[in-house]
Amino acid sequence: MNTKIKRIAVLTSGGDAPGMNAAIRAVVRSCSYHNLECVGVFRGLQGLIEADFKEMGPRSVKNIINRGGTILKSARSKEFMTKAGRQEAYDNLKEAKIDALVVIGGDGTFTGASVFNEEFDFPIVGIPGTIDNDINGTDYTIGYDTALNTVVEAIDKIRDTANSHNRLFLVEVMGRDAGDIALNAGIGAGAEEILIPEQNLGRDRLIASLKRSKKSGKSSSIVVVAEGDQIGKNIFGLAEYIQQNMDEYEVKVTVLGHIQRGGSPSCYDRVLASRLGVGAVDALLEGKRDVMIGISHSKIVTVPFTEAIKGDNEIDLDLIRVADITSV
Amino acid sequence: MNTKIKRIAVLTSGGDAPGMNAAIRAVVRSCSYHNLECVGVFRGLQGLIEADFKEMGPRSVKNIINRGGTILKSARSKEFMTKAGRQEAYDNLKEAKIDALVVIGGDGTFTGASVFNEEFDFPIVGIPGTIDNDINGTDYTIGYDTALNTVVEAIDKIRDTANSHNRLFLVEVMGRDAGDIALNAGIGAGAEEILIPEQNLGRDRLIASLKRSKKSGKSSSIVVVAEGDQIGKNIFGLAEYIQQNMDEYEVKVTVLGHIQRGGSPSCYDRVLASRLGVGAVDALLEGKRDVMIGISHSKIVTVPFTEAIKGDNEIDLDLIRVADITSV
Amino acid sequence: MNTKIKRIAVLTSGGDAPGMNAAIRAVVRSCSYHNLECVGVFRGLQGLIEADFKEMGPRSVKNIINRGGTILKSARSKEFMTKAGRQEAYDNLKEAKIDALVVIGGDGTFTGASVFNEEFDFPIVGIPGTIDNDINGTDYTIGYDTALNTVVEAIDKIRDTANSHNRLFLVEVMGRDAGDIALNAGIGAGAEEILIPEQNLGRDRLIASLKRSKKSGKSSSIVVVAEGDQIGKNIFGLAEYIQQNMDEYEVKVTVLGHIQRGGSPSCYDRVLASRLGVGAVDALLEGKRDVMIGISHSKIVTVPFTEAIKGDNEIDLDLIRVADITSV
Amino acid sequence: MNTKIKRIAVLTSGGDAPGMNAAIRAVVRSCSYHNLECVGVFRGLQGLIEADFKEMGPRSVKNIINRGGTILKSARSKEFMTKAGRQEAYDNLKEAKIDALVVIGGDGTFTGASVFNEEFDFPIVGIPGTIDNDINGTDYTIGYDTALNTVVEAIDKIRDTANSHNRLFLVEVMGRDAGDIALNAGIGAGAEEILIPEQNLGRDRLIASLKRSKKSGKSSSIVVVAEGDQIGKNIFGLAEYIQQNMDEYEVKVTVLGHIQRGGSPSCYDRVLASRLGVGAVDALLEGKRDVMIGISHSKIVTVPFTEAIKGDNEIDLDLIRVADITSV
């Protein structure tokens, strides 16, 4: 056990994700359990530079496990990308007698943390908090499961109206580089077609397939489109193209947008966040640093930051086949 | 009691609304209760022209009270706007030995029904089913209460992320002519500002007000915008204008779109739809026709179609004051 | 305008109800709007006796409109039922320079408030906050609409499993004296039978009716039972009796219990609570006292406490007929 | 590929679970994809004996992926536990020219299937559908994730009222032999204590712990109790015992009951069910039989029935530690 660590700071950074509060709560209470002091940092890495700190105890995090967003707030920090900014952050941490840092966020956050760790030899561990599930070395990121449920519930509502009117809906979901949300939510919502960045089958194949499924007796269609998909990037243009080439349906577009980031976290995300929060403090006490705490095969693992941010997202081909078969 | 009526048809027309299925169920079961035959017409007024009919009994409508959309489907019908189309519809009704008709829909539907009633002296009563709550003579339309809950739940999610990032969100909700959804959901969601078609206070007053509330200590802001609002019609342009004149927030846009039409109906909408469905059959049996069944002060009322579709929506000034005060 | 009132206290008392926080928020912000000071009293009338006070400003009530329960907490107070207790309360109010009081609660709260008002000539207005909807002079109480949705959503889930297994479920809902929740949620959930305190049709009529509906082709049945119903009071005994006399179904019991009190308030309850909160401060400033603020025909009204707590709940016979017809 | 299989039957058996419909849909559409015929069997194994069959095509399963329960209904079958009953079932399958069977259910179903498979050399594969997650060889069973979310949402509501009144709630959740639901939902809901069948720490330790957490500043407490827990089996007796030994709280009991079985399935359960349904047909075509299709480390696996039903549920000690730490 690393007996030098007596005071730990925690922050959330990057895009917020449901379950971040559960992770903060677990870090704070784990500190208390181990008789460590805990400091909350507001507005992510920028809060380090501005010394926006607050002492936290077990009761500071009561009744937050069920709330979306992050009570520590989040922000992007341009200053932290400069050496001077990071020096300021380091000085503030030293002045506040903070011995180690837990950062909750995505790949941008981990990149900054890794640089900082190296420059100042300051112990940092990370917790993957992002709805995009685009981090290497962990099966799930905090917020991903909740976002999938949010998307599926929204599409269930859209299908009500699609069915009533024999319409085709293009539904844009988050995912600039990764099709995970689109693919899983698409299967879950019973979408006829799913467009993801990792695949480009072309607009005409899409239309041919939609015509086929219409002919087979479907009375409405949902096409789920990841925002980063090649042919779906301009979703309104795609809708127009489909409408011009297909009069079987009235074509409509819905962009789900930021509702995907919020909401009360699912049980899975709350448990995951609790485990990762506890695991982060454990790891620091075991002398680990420059690593992310992840989950793999239902077990807590540690993954070097450099590994975690590699970001070569691979799509599960088995899922694509399941999507094809179940939309028959 | 009108003993000539032995066989009633029911249809849904115009935009679908949650609770339409509960209304269909009530009409069908009410027919059964009164020992009348009941016929479902698919795809609204167009289904009359195409004789798209189906016999319905109490068990045909089981397990639908909780489902959004309409099992009878809906459609707009250009043919019904022609004399020839309406003649076709009449002939089909006669051939199917249908004595009276219940139409569930909005003002467009009632206008068509009223013309038809007059032309062919055919008994029709209407049930107001539209999320817009823009029908005269009834305190509520079916689907409105559910849509309000859907909007408020969506904005709750958006506020999670808005709070975490100190952002300003413009959220577009339905309402081309009527600000009811925007005003009520705006109050319910705790919006800082609400833009409705019935008022135009200008972009600069909006910005001044947002700056004031930011200064008073708010860390995020939600502005709810009815799609028909003058300055909010081009919501992306408005966002740009605000961003240019206000660097206190990062400005984002969310267009809620068709999720507002779907979803499992609220208890209120299910009870309302059940009452109106029962009331519609009662009215026909009492010899009424050319009227809408509405609710006023928690009592079932009948309102002439001509009255119902007047459509001079008046905004509740008391609510505007409540919105102003509670967003202090 | 009553210019003597400069400082208003607000409290929640009795059973909590979703929307109480929205009412607190509206009272606090309305005070701010009128340049009045506002004081929160914790734990209801007991908090008056213990001088458990806290200054409140517009930012103290941010982000609570969407939360169930009450941030001011609630409690029952035996001490307030004694003259000595009330004297203590009065002395504390005077010492804290509080000029008037807004109490949010049910009939017990209003009774106490009315006595206090008379004894000490202290201005009090009430806001009806209770899921039971059992207050005279207001069409709705805060929390009732949310509770109906909670009950209906729970029964929707129970029906999934009832349908899958051909079962009969007895579902107990709140309502010791009033059948409003049972009757409305029963219609909304499509219950086959609804047992309410205001009616006693006997166990054998119930069984006869259930047998009839089973024969008509129903594959499962839901019976909604208000906790105060005569034959349903001992719900497990009733279940046994039905099972002994009816082998068509497997009979199961679910007692919904306290989940009915919680949850994020519906849009209706949030808007209602906002209006009543604003109305309460308005009334005090107009010199009113010893009254409840209610809603009647969508307009804000004031009702003497003595009127509000009369409590001769009348059941809507029209609704009973609708329940009978739609469960055919 | 097993070219002898041309016609597959599918059934659901035992307690229903959300996601069963998604599994049925996947089996039916997978048959269509592979040009096989598909037959639905109603009411589980009993339906085999009564030859309660129905031809199914891709359109028979439309719009069911989002619905709880099972469209094929479920039942327990005493007859299937006799040799004569199984012979009847076999004869019916042969007469209907069914070549293989997919059963969706829990350990009871798999036991019956395994016996049948052996007796008649009839190809059967199983899909784990039960909210209890008590099947060996699969990380998740269909319905478990949804049940966790249902429990957590219910406890969120209860906490609203617990917090408002400084109460202690005992909440009983499903789990006769397995504490998985209690443990995960307990962590997710932020319960102070979790009582599971696998552990018995005694009533007095529980009370000591609750007193400690009350002293540390908690204003309310939730204790989650699995129905099979030793000291929680008589939950009303336990409540009384706690109340007698602890006057810091008012003690209340809620039994969640059958709402845990229903509801629209979560995205996870829909995707899992879709994958397992596709996997079941794949397995039959590959000549597999007498196996369950499961998921392990996000990959589809096959597990012999005998292995799947071993049922020596082991509790995750890591989770117990997380529960202890995060409830500090």
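In this document, chain identifiers A, B, C and D correspond to the written order of the chains, with residue numbering beginning at 1 in each.
By our rule, a contact is a pair of C-beta atoms (placed from the backbone, for glycine too) under 8 Å apart; a residue touches a chain by one contact, two chains touch by 3 or more.
To keep track of the chains, here are their UniProt names: A, B, C, D = ATP-dependent 6-phosphofructokinase.
Quick caveat, the model's predicted, so the values are computed rather than measured.
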Next on the checklist: Relative to chain D, which chain's C-alpha centre is the most remote?
Outcome noted: B
Checklist entry - Roughly how big is the turn, in degrees to the nearest 5, that lines up chain A with chain B by CA atoms? => result 180
Checklist outcome for this item: Between the Cα centroids of chain A and chain B the separation in whole angstrom comes to 35
Checklist outcome for this item: Between the Cα centroids of chain B and chain D the separation in whole angstrom comes to 39
Checklist entry - If you average the CA atoms of chain A and of chain D, how far apart do the two points sit, in angstrom? => result 28
Checklist entry - What are the residues of chain C that contact at least two other chains? => result 156, 159, 163
Checklist outcome for this item: Interface with chain C, chain B side, in the complex: residues 25-26, 29-30, 32-33, 58-59, 62-63, 65-66, 139, 145, 148-149, 151-153, 156, 159, 163, 184-185, 187-190, 216-218, 264, 266-268, 270-271, 274-275, 277-278, 297-300, 316, 318-319, 321-322, 324-328
Checklist outcome for this item: Residue set of chain C touching chain D in the complex reads 12, 15-16, 18, 20, 67-70, 73-75, 150, 154, 156-166, 169, 219, 252-259, 261-263
